[in-house]
Amino acid sequence: MTSGMTPIVKNTARLVSGFIAIFGIYVALTGHISPGGGFAGGVILAAAAVLIVLAFGRQTAEKMITESGCHLYDAAGAAGFLLVAVFGYLAGGFFVNFLARHGVGTAGRFWSGGTIILSNLFILVKVAAGLAGAFLALAAFRRAHMPDGHPGEES
Amino acid sequence: MGIEYLILLLLVFMLFALLIAVEARDLLSSVISVGAGGFALSVIFLLLGAPDLALTQVVVEVVALVLLIRLVVTRHDTTAETPRDALRTGVVLLAGGVLLVGVFVAVGGTGAAGTVPRLGEPVMATADLAAGQTTPGQPVAARYLARAGEETGAANAVMAVLLDYRAYDTLGEATVIFVSILGAYAVLRRIGRRGRKEATI
Amino acid sequence: MGIAIYVLAFSVLLVGLYAVVAKKNVIKVIVGVLILDYAVNLVLVLVGYRTGGQAPILENGQSGAELAARAVDPLPQAMVLTSIVIGLGLTAMMVAMAIRLYEKYGTFDMNRIRSLRG
Amino acid sequence: MASIVPLMVGLPLGVAFAVVAMAHAKPLKRLTGLVAVLAVLLNFAIALALLGADVPRIFLGGWGPDPARTLGIEVLCDGLTKMMAVTINAVALVSLLFAGAYMRRFTKVWLFQALFLLMTGAMNGVVLAGDLFNLFVFLEIAAIASYALVAFGCESEELEAAFRYLVLGTIGSAFILLGVTVLYSVTGQLNMAAVAGKLAAIGPGPAVLLAAAALIGGLALKAAMVPFHAWLPDAHPSAPAPISAMLSGVLIKASGVYAIARLIFNVFGPTPQYAAILIVLGAASMVIGMLMAMGQWDLKRLLAYSSISQAGYIILAFGVAAEVLSRATPDRAVAGLCLFGGLFHLLNHAAFKSLLFLASGSIEQQVGTRQLKEMGGLTRRMKVTAFCCRIGALSIAGVPPFNGFFSKLIILLGLAMAQQYVLCAIAAAVAVGTLLMYVRVQRYVLEGPPGDRVARAGEAPALMCLALVVLTIVCIAAGLAIVPLREHLLGPARDVLLNATNALSMGAMP
C-alpha cells in the first residue's frame, strides 16, 4: 500500500473525507438534541481518517495523521472526560453536572444540557483519535512476512 | 402491529445472513454476510424507536467491516478448511435447546408475574410517576423520560441517561475503547521481549 | 407475535454461540463474537420496546409527562450504546490478534495453529 | 470521606491516561513507572483509610435517591467492598514493584504500565459497583486489559492463549449482560439494592431463574470454575509473572468469586438451588484442579491449576453458607463461620498465590526455565527467593502456623458444623493432596544438587526480592494476626454476606 489507489479515488477521497469529518463533528455536537452523540460522531470522524489511509496509502497518510499524535489526543480526550467528572466536585461530587447548577437551558435548544456538550466533545476526540490510531497500526501489518532487517521497536 | 411483522421479516433475513456467515467456506463472503446482518440489525433498531442506536450501529458496522475485510483480503488463507468440531457442536445444540426452552418459559407471552413482560409492554409502562415515598421499587426509566428535559436540559433522553444520570457508566465505556486500543497496540509490537529474534513459522 | 420475535433473537444468540464454540477458524470465531454481540443488544432493545412507541427524544412543545406515556424505554438504549462500543473495542483487538497469529503461523486455522505449535 | 470513594476508580484511570501522554514526551518518559507506583500506593492508602470509616450510601452525579426509585449509579463502600479493595490494591502494589525490575526485558513498558493501571482501576470499579450494568462495564474493562496483558510478550503461544482467553471471556460477558437484561426486564431497576427489594416482592419466577443461570454461568467462566476452566491453564502461565500474580491472585476473585457472592447473597438471596449450584461448582473445581495440577511439570501451569482448586475452596465455603442460610431455621453462627473461612482463604490465596507466581517469575528470569525437572538446589544459589518460595509453598499446602492452614481449618470446621460431612471429607482429602503436591514442588525446586542452569544463576534484582519478602511477611503475619484481621477486615465483610438481601439497603442515606 505504498502508492495508494488511483488518482480518481484519491481526489474523491480528498473531497469526501472533509464532508464526512464535518458530519461527524455535527453528529457529536448535537447529540443532546437529536440522535447521535460523541461516540457515533467519533466513529464517523475516524472513518474519514480510515478513508484517507485507504486511498493514499499508509506512508502518505502518516504525514497527515501520526500515530503518536493519535495516542496523545486519545489520552487527552479520555482525561478530559474524566476531568468533567472531577470538576463535578465543585458542585458537590463526582460526576455532578457542574454547568447545570445555574439552570440547564431549554431542552431542545443547542445551549442546553450543561456538561453533556462538553462530554460529547471529549468523547468525539477520544474515539476518533483512538480508532484512527488503531487503524494506522493495523494497516502497518499488511504483509504477512516482513523482510528481514526491519527497524526494531523503540522502547 | 404492522411494524412487528416487518421486524419479524428483518429478523428472519438477519438470521439467514448470519447462518451464511457462519457456514460459508469463503472467509470474505462470511465477513460480508455478517455485515449484511449488522445492517439489518440497525434497521430493526430504527423500527424499535432507537435512532441513536441505528446510527451508531451503522457507523460501527462500517468500521468493523473495513477492518475485517482488510484482514481477510490481504491474507492468502481465505477458506475455512475444517468445518466443525462434532463434540462441541453437540454441546452447543444441547445448551441451545435448554436455553430456548428456558426463554420460552421465561417469556411465556402471558405477561404473568415472574416472567419477562410481553413485547411492546415494557416494565417501564407499569411505573406510577406520581408514586411518592410510599411505594418503593418504581421502574426508573419512566422518571428519566418525564424529567430529563427539565433536570438535565437534554431533549434526547438517551443522552441524558448516558451522559448525566449514568455518566459513570460512560466513563467506563470511554475507558473500554481506550483499553482495547492500547491492547491492540500492545499485541501489535513486533518484538515483545528484548534480545529475541522475531520467530515466524 | 412477541414470543416469535424473542425466540428469533435468541436463535441469533445460538448461531453466535455455535460459531464461537464449534468453529475452528480465527475469522469465523471473530464473526461469532460479533453475532453474540448483535443478539444480546437486540434482546436488550426488545425489552424496552413499547408498541408504536416514539423515540425517546422530546419533540417541540412536548411535555415530559407526554413523552413518558408514549416513548420507548431509554435506559436499555443507553446500555446498548455502551455494549456496541465494547463490541467495537473487542473487534479491534481480535483483529490485531488475528493479524499476529497469521503472521506467526501463516494460517487462520486453529487446528493447524495447534499442530504447528506441537 | 464518602466523596473520595469514587476516586479509587478515577485515580488509576486518570493516571493511565497520563502515562500514555507522558510516554510521548521525551523528558517525562522515564517517570511513567514512578507515577504508576505512586498512583497504586495512593489507592492503597485510600483503601486503608476507608477501613475504619463509616460511609453513608453514595450516589454519583448528585442524583440522590428518593425511596420510590434510584436515579444515579450507586457506589458501594461496605465491609466486603473495603476488604476486596485492600486486597486488590495491596497485590497490585507489590506486583507493580516487582514489575519495575522484571519488565525491563520487555519493549514499550509504558504500555504495560497503562494497561496494568487500567486493570487495577477496573477491578476497584467491580468491587465498588452497586449497579448491575456498572458491574458489567468494569468487568469488561478488567477483562479486556487482561487479554492484552496475557499477550504482552507477543510470542506465538502467548498470542494463542490470549486469543482463546478472549473468546471464552467474551462468551461469559455476553451471558452476564443477558442476565442483567432479563433482570432489568422484570424489575425495571439496575441498582442492586432496588433489584433485591423488587425480587423479594415478586418472588421467584422463571425469568429470575433464567437471569440467575445466565449470571452464574458467565461469572463462573470468569472465575474459571470447573466446567468453564479451559482458558485458565493456558492464559495464566503465558502472562508475564506480575500479571500472572494479578490474574490468579485477584482478578479471578474480584470478577468471579466476589461478583458471584455479591449477586447470590445480596441480590438474589440464598436459596437451596443457588447453594447447590455453588457447592457443585466449588467441589468439582477443588478436586479436578488439584488432580490436574499434580500431573504438571511446568511450574507456572501447576500454579495455575492449583488456583482453580483453591478458588473452589472459597466457592464451596460460600455455597455451604448459602445452604445453611436458606434452611428453615438458619444457624447464623455456622453460616458466618463458613463465610469467614471463605473470605479468609480468599485473602490468603491472594497473598500466597501471587507470592508463588512472582517467585516463579524470578526463577524463570534467573534460571531460564519453568520446568521442575531442570531446577533443583535453588536454596544455594538464590537464598532470598528460595526462602520466600518455601514459605509460600508451606502456606498454600496448609502447614501450621502459616495462614493457609488457618483458613482451610476454618472452612473444614464450618463444613463439619453445617453437617456436610461428605464435603468436609472431600475438602480434607484435597488439602492432603495439595500438601503432597507442594512437597514435590519443594523437593524439585529447592532441594537436591543444583542443575546446570541453576549453578550459573544468581540472586534476582533487589526490587524483585523486596516484593517477595513483603508478600512473605504478609503470609506469616496473616496466620498470626487472625484476631485483628477478623475485627477490622473480615468480620465486616462476613456480616455483609450474612445479612443477605437486606445488606445493601441498610446504609444511611446521604
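Just so it is clear, A, B, C and D label the chains in written order, and each chain counts residues from 1 on its own.
FYI, a contact is a pair of C-beta atoms (placed from the backbone, for glycine too) under 8 Å apart; a residue touches a chain by one contact, two chains touch by 3 or more.
Computed from a predicted structure; not experimentally measured.
Asks: Which chains touch each other through the most C-beta pairs?
Replies: Top-ranked chain pair by contact count is B-C.
Asks: At what distance in angstrom does the C-alpha mean of subunit D lie from that of subunit B?
Replies: From the centre of subunit B to the centre of subunit D is 29 Å.
Asks: Report the inter-chain centroid distance for subunit B and subunit C in whole angstrom, where each centroid is the mean of the CA atoms.
Replies: Taking the mean C-alpha position of each chain, the two centres sit 3 Å apart.
Asks: Could you please state the distance in Å, as a whole number, between where the Cα atoms of subunit A are centred and where those of subunit D are centred?
Replies: 35
Asks: Would you kindly tell me how far, in whole Å, the mean C-alpha position of subunit C lies from that of subunit A?
Replies: 22
Asks: Give me the residues of subunit C that touch two or more other chains.
Replies: 13, 16-17, 21, 47, 55, 57-58, 75, 79, 81-82, 85-86, 88-90, 92-93, 95-100, 102-106
Asks: Multi-chain contacts only, two chains or more: what residues does subunit B have there?
Replies: Residues 51-52, 56, 60, 63, 67, 71, 75, 103, 107-108, 116, 122, 124, 127, 140-141, 143-144, 148-150, 155-156, 158, 160, 162, 164, 166-173, 175-181, 183-185, 187-191, 194, 199-201 of subunit B each touch two or more of the other chains.
Asks: Two-or-more-chain contact residues of subunit A, please, as numbers and ranges.
Replies: Residues 33-35, 37, 39, 43, 74-75, 78, 82, 85, 94-95, 97, 107-108, 131, 134, 137-138, 141, 144-146, 153, 155.
Asks: Viewed as a graph of touching chains, is the assembly arranged as a line, ring, star, complete set, or other?
Replies: Drawn as a graph, the chains make a fully connected set, so complete.
Asks: List the residues on subunit D that touch subunit B in their complex, please.
Replies: The contact residues of subunit D facing subunit B are 6, 10, 13, 16-17, 20, 60-61, 63, 66-73, 75, 105-108, 111-112, 114-115, 118, 121-122, 125, 131, 133-134, 137-138, 140-141, 144-145, 147-149, 151-156, 158-159, 162, 182, 184-191, 194, 197-198, 201-210, 213.
Asks: What residues on subunit B touch subunit C, complex-wise?
Replies: Per the stated touch rule, the residues are 1, 3-5, 7-8, 11-12, 14-15, 18-19, 21-22, 27, 30-31, 34, 37-38, 41, 44-45, 48-53, 56-57, 60, 63-64, 67-68, 71-72, 75, 77, 80-82, 84-85, 88-89, 91-93, 95-96, 99-100, 103-104, 107-109, 116, 118-122, 124-125, 127, 129, 140-150, 155-158, 160-162, 166, 169-170, 172-173, 176-177, 179-181, 183-184, 187-188, 199-201.
Asks: How about subunit A: which of its residues touch subunit B in the complex?
Replies: Residues of subunit A touching subunit B: 27, 31-37, 39-40, 43-44, 46-47, 50, 54, 74-75, 77-78, 81-82, 84-85, 94-95, 97, 100, 104-108, 112-116, 119-120, 123, 126-127, 130-131, 133-135, 137-146, 150, 152-153, 155.
Asks: List the residues on subunit B that touch subunit A in their complex, please.
Replies: Residues in contact with subunit A: 51-52, 54-56, 59-60, 62-63, 66-67, 70-71, 74-76, 148-156, 158-160, 162-164, 167-168, 170-171, 173-175, 177-178, 181, 184-185, 188-191, 194, 198, 200.
Asks: Given the complex with subunit B, which residues does subunit C contribute to the contact?
Replies: Residues 1-19, 21-25, 27-28, 30-32, 34-35, 38, 41-42, 45-58, 64-65, 67-68, 71-75, 77-82, 84-93, 95-100, 102-109, 111, 116 of subunit C touch subunit B in their complex.
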